[in-house]
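The structures come next, written out as C-alpha cells.
Two complexes come next, and they have one chain in common, subunit A, joined by subunit B in the first and subunit C in the second.
Let's turn to the complex of A and B:
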C-alpha cells in the first residue's frame, strides 16, 4: 500500500530531527532511506510505525490518515535494528506473537510456513539467545512478515551482521520481498546495501531528503555534492563555463587551460550561464588512465595502449558518438593500490589534488606506478555538473570524521 | 596418576602433572611450569577461603550445634544431654502450631502487600522516573539509615490508640470493617494482626523493590516497542512481555521478603499482642526466658524445614531457570 508523508516533521527539544518532509512510497516497492547516522532516517521510519509522533504533517497509508493511530492499530510491522526478539519466548512463539495478539489461536501452520520461508523450520523450539545473529535476524523478519503487514519497515536490519552474511541476507531479503510482494521501507547507512536492494532510494542528510530516485540514477546523475560523495566516490573539479546555451556545456577548469565538456542535460545547477561556476564531476571507474608517453594529444578513441584501445572499442560498440573529444587531464600518480578486481590510483592533477581512478584489473601497464606522468580521459556523457555554491566535501568520509 | 605406562622410577613427577609432555631434558623447567599452573588452578579456591571459613564458623558449626541441641533432653539444673529425643519436635508442633500458622500467614500477606505496593513503584522508577531515578532509589533505601527497632517503634506511635490514624479510620468506619474481618478489634490498631502485617510490610518493602527494580531496569525498551508494533495493547505489553521478563525479580523479591518476615519477631512483639505472636516470638521466649534450649532449637529447625520446602516448591513453580 502506498505511504504518503506530507509535511511530516519531528522536533526533539531544540533539535529538528526531520524537516517538513514530503515523500511518496509506492505500493510494492523496495524503498530505501539512506543517510549517515543522525540524518533523521530512523525517526522517519518510526513515525511511519507509530513509535514516534510527528510534530507536524500527516502520514497516509493508502487513503487512510494514520497519523494519530497508536502502533498496535497500524497494519505496519517493523524489523528492529537489534531485532528485539522476546527472550522469554521460543522462536515459534516469537513469530506467533502478532497473530496471537489479533486473537488468532490456530497459528501453527502459519508459523511453520513462515519459518520455512526464512529457512528456520528446525529451530522453532529454540530460545533467541541460542541463535546466531543471522538466525535472529530471520526470526525478526518472520515475526513481522507473518502478520502480512501492508508495509514492512526495516531499521538497519543487517547492521549487526558480518559482511559475508550481510551480502547473503541482502539477496535473501530481496527474494522475500519479491515473493510476498509487500512494500518494504528499509533504513540504512550503507549505500551499497541501499543500491543493491532498493528500487528507489531517498538520500537523507540533516533531516532533509537530498535526492530521490532509482539507484543508477542517483549514482550516474547526482544532483548535490552530498549525494555525489555519499554514494560511491566522485572527483569534483571546479570549473568556469565558457560556452552555454547549446546541447553541450563547455567549461574550463579553474586556474588551468583544461577544457571539460558535458551534455547540458547532465548539469544539476539551474540555468548555467557563460562565466558562471560549476563543479564538474566524474566517477573514478569512468576514467581511463594512460601513461603520458603513449598519449597522442587531443585525439579520442585512438589511444595506442591497451586500456585506451579497449575503451575506444567500447565506445564504438555502443554506437553513440562522443559528441567530440574526450575530457582530458594530465597528472602524476601519487599512490596505487591493488584491490584484486581493480587497481585504485590517486592522481595529482593541477585541477584536483586527489583524483581517484579505478582501473579494471585486466592488462596492467607496468609503468603506472607512483611518480608516473599520466593522462586521464573520460567521455563527456559520463560527466555531471553540480552547483558550485555547495560544499564540495559534503558527504565524504573525511567530513563524517 | 595420569601416565599409564610410566616407569616407577619417575614417581617424583609433579603432583598436578602435565602428563607425559613434562618428561625429558627440560624436567626442571617443566616442573616449574607445572607448579605455576597448579597454583593458578588453586587461585579460585584461595579466593573462596574467607567466605568458606565464615560459613563454616557461623553457619555450619552453629547448625550442627543446634541440631544436637534439638534432640537433647534434661533440665537447666541437671544439664542437657543428647538423648535423640524427638519429642521436642512433636511437642513444639503441638504447642506452637498456631504460632507457625500465624508466622506464615502474616509473612505471606506482607509479601503480597509488598509486591502490590513495590511493583508499581519499581516500574515507575525503572521506566518513567527519568532523571529522578537516582533520588527515588535513595528514598527507597533511606529507611535503612534508621535502625530496624526504631522504625518499628515509630509505627507504635503512628498506630497508637490516640493517634491520628486510628482517629481517621474510626471516623471513616474502616475499623468496623476490619474488625468484622478479624484483623482488628476494640477500635484499636495497635496489638492487632493488621498492625503486625503493616509493620512487616513496611520493614521489608525495600527488599522487594530493589530486586524488582533491577530486573525491570534490565528490560530492553525496544522489546516494548516491538510488542506494541506487533498489535499488543499497553496492557498486553505488560502481561506478555514486561511481567514475564521481570519474574526473576519477583521471585527474588518475594523470597527476600517472605523468608525473613516469617522468622521475624520484632514486629509481632512491638506492634502485636499475645494473640498475634509469631513463631519467632516463641523461639525467643524459649531461648531467653524459659531457657528450654532443646525446644527452641527444635522450633528453629521446623521453621527452617518448612521454609526450605516452601521455597523449593515455589522456585520450581516459578521456573526461574527458564528465564533470562
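Let's turn to the complex of A and C:
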C-alpha cells in the first residue's frame, strides 16, 4: 500500500531530526532510506511505524490518515535493528506473537509455514540467544511477515551480520519481497546495500532528502556533492563556464587551461551562465588512464585501448552523444593499489590534487606505477556538473571523520 | 540459503585438533616435593572450602542442637540426641503463634513492598521528572540509616500521631525498610532491559496492557523476584525496628526468641531455624535445577 508523508517533521528539544518531508512510497516497491547515522532516516521510519509521533505533518497509508494511530493499530510491522527478539520466548512463540495479540489462537500452521519460508523449521523450540546472528535476523523477519503487513519496515536489518552473510541476506530479502509483494521500506547507511536491493533510494542528509531516484540515476547523475560523494566516489573539479546556452557546456578548470565539456542536461546547477562556477564531476571507473608517452594529443575523439572501445559501445546503447571530444587531463600517478578486480590509482593533477581512477584488471600497462606521467580521458556524457556553492567534501569519509 | 550448522564430514568435524599440550613438569629440575606441589595447585579450592565452612558453621550448630535434649532450660550444652523438638515443634507456649505472626507480616510486607517498589523502580528507571535525582539518592537512605535510629524515630512518630502500636505499625515499618531493597533490585533489572523489546511488542499489535503483561513483566521478573525474596528475609528476621513499633500483644518470632533467651531457649527455636534454612536451600536449589533443565532442553 502506498505510503504518503506530507510535511512530516520531527523535533527533539532543540534538535531537528527531520525537516518537513514530503515522500511518496509506491505500493509494492522496495524503497531505501539511505544516509549516515543521525541523518533522520530511522526517525522517519519510526514515524511510519508509529513509534515516534511527528512534530508536524501527516502520514497516509493508502487513503487513510494514520498519523494519530498508535503502533499496535497500524497494519505495519518492523524488523528492528539488532532484531529485538523476545528473549523469554522461543522462536515459534516469537513468530506467533503478533497473531496471538490479535486474538488468533490456532497459529501453529502459519508459524510452521513462516519458519519454512525463512528456513528455520528445525529451530522452532530454541531461545533467541541460542541462535546465530543470521538466524536471529530471519526470526525477526518471520515475526514481522507472518502478520501480512501492508508495509514492512526494516531498520538496518543486516547491520549486525558479517559481510558474506550480509550479501546472502540481501539477495534473500529481495527474493522474499518479490514473493510476498508488499512494500518494503529499508533504512540503511550502506550505499551498496541500498543500491543492490532497492528500486528507489532516497538519500538523506541532516534531516532532509537530498535526492530521490533509481539507484543508477542517483549514481550516474547526482544532484549534490553529498550524493556524489556518499554514493561511491566522485572526482570533483572546480571550473568556470566559458560557453553556455547550447546543448553542450564548455568549462575551463580553475587555474589551468584544461577544457572540460559535458551535455547541458547533465548540469544540476540551475541556469548556468558564462563566467559562472561549477563543480565538474566524474566517477573513477569512467576514466581511462594512458601513459603520457602513448598519448595522441589533444582532442582525440577515439580511444585506442580496449576499455575505451567498450565504453563507447555502452555509450551508444545509452543513446548519448558520441561525437564530442573526450575530456582530457594530465597528471602523475601518486599511488597505485591492487584490488583484484581492478587497479585503483591516485593521480596528482593540476586541477585536482587527488584524482581517483579505477582501471579494470584486464591488461595492465606495466609502466603505470607511482611517478609515471599519465593522461586521463573520459567522455563528456559521463561527466556531471554541480552547483559550486556547496561544500565539495560533503558526504566523503574525510568529512565524517 | 544454507544452514549454518556443522555438517558431519565438514573439515571442522574430521580434522582432529592437535591434542592439548601436556602439563609440563616444574622447570629447572628443582621440582618441589609432592605434598607442596599438591597444596600449590589446590590452594584456591582450599581457601574456598575454608570460607564456606566459616559461613556455614553457625548453621551446622543450629541444626545439630535442634536434636539436643538439654538438661535445663538452656540449650547451650550437648547432652544427648533426641527428636523430641522435631516431633513437637509447637510444644512451647506462644512460639508458634509468634511464628505465624512473623510469617503473616513478612508475607504482607513482601507483597506491598514489591508492588510499590516495582512501580517506583520503573518510574526512576524509565521516566524523566523533576526530583528524579533526589528520589534516586533518597531511596538509599533507609538502607544506610542505622536500624536502631530508624526504629526509634518511627516509634516516636507513631506515638506523636497517636497511632495504636500493633500489627499495622509493624507492617508499615517493614514495608518501609523493604521498599529500598526492592527498588534497587528491580531498577537494576529494568535499566538493563532493552526498550526496543517493548517497541517490538507494540509494533506487533500488543496494546499497552498486553505489552506490560507479555513482555515488560516477564523480562523484569528476575529483578522483582530478587526484591521479593530479599523483602521476605529482611522482614521475617527483623528485630530492632519491630521492637520499637510492636504493641503489647504483637510478639514476632525474633521478639519471642529474644524474650526466651532471658529465661531459657527451647530446642524448638533451633527446629524453626533449621527448617527455615532448609526451605531457603530448597528454593535456591529448585531454581537452579529448573534453570539448568530449561537450558538443556533448549
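The working rule: the second predicted complex is superposed on the first by the 379 of 401 C-alpha atoms of A that agree within 3 Å, B and C clash if a C-alpha of one lies under 4 Å from a C-alpha of the other, contacts with A are read in each partner's own complex, and residues count from 1 in each chain.
Going forward, a residue touches a chain if its C-beta (ideal position, glycine included) is under 8 Å from a C-beta of that chain, and two chains touch if they have at least 3 such contacts.
The structure presented is a predicted model; accordingly, all values stated were derived computationally and were not measured.
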Side-by-side fit of subunit B and subunit C on subunit A, or clash: clash
Which of subunit B and subunit C A:168 touches, first, second, both or neither: second
Subunit B versus subunit C as contact partner of A:160, first or second or both or neither: neither
Subunit B versus subunit C as contact partner of A:11, first or second or both or neither: neither
Subunit B versus subunit C as contact partner of A:49, first or second or both or neither: both
Which superposed partner A:90 touches (first subunit B, second subunit C, both, neither): second
Touching partner for A:130 - first (subunit B), second (subunit C), both, neither: second
Contacts of A:143 with subunit B and subunit C, given as first, second, both or neither: both
Chain touching more of subunit A, residue-wise (subunit B, subunit C): C
Subunit B/subunit C common contact set on subunit A: 49-51, 70-73, 76-78, 80-82, 84-88, 97-98, 101-102, 143-144, 147
Partner subunit A, residues of subunit C touching it in the complex: 1, 3-4, 194, 196-197, 199-207, 210-211, 214-215, 218-219, 297-298
Residues of subunit A touching subunit B in the complex: 49-51, 70-73, 76-78, 80-82, 84-88, 97-98, 101-102, 129, 143-144, 147
Touching residues on subunit B, where the partner in the complex is subunit A: 220, 222-223, 225-233, 236, 240-241, 244-245, 322-324
Of subunit A, residues touching subunit C in the complex: 49-51, 70-73, 76-78, 80-82, 84-88, 90, 97-98, 101-102, 118-119, 125-127, 130, 132, 134-135, 143-144, 147, 168, 172
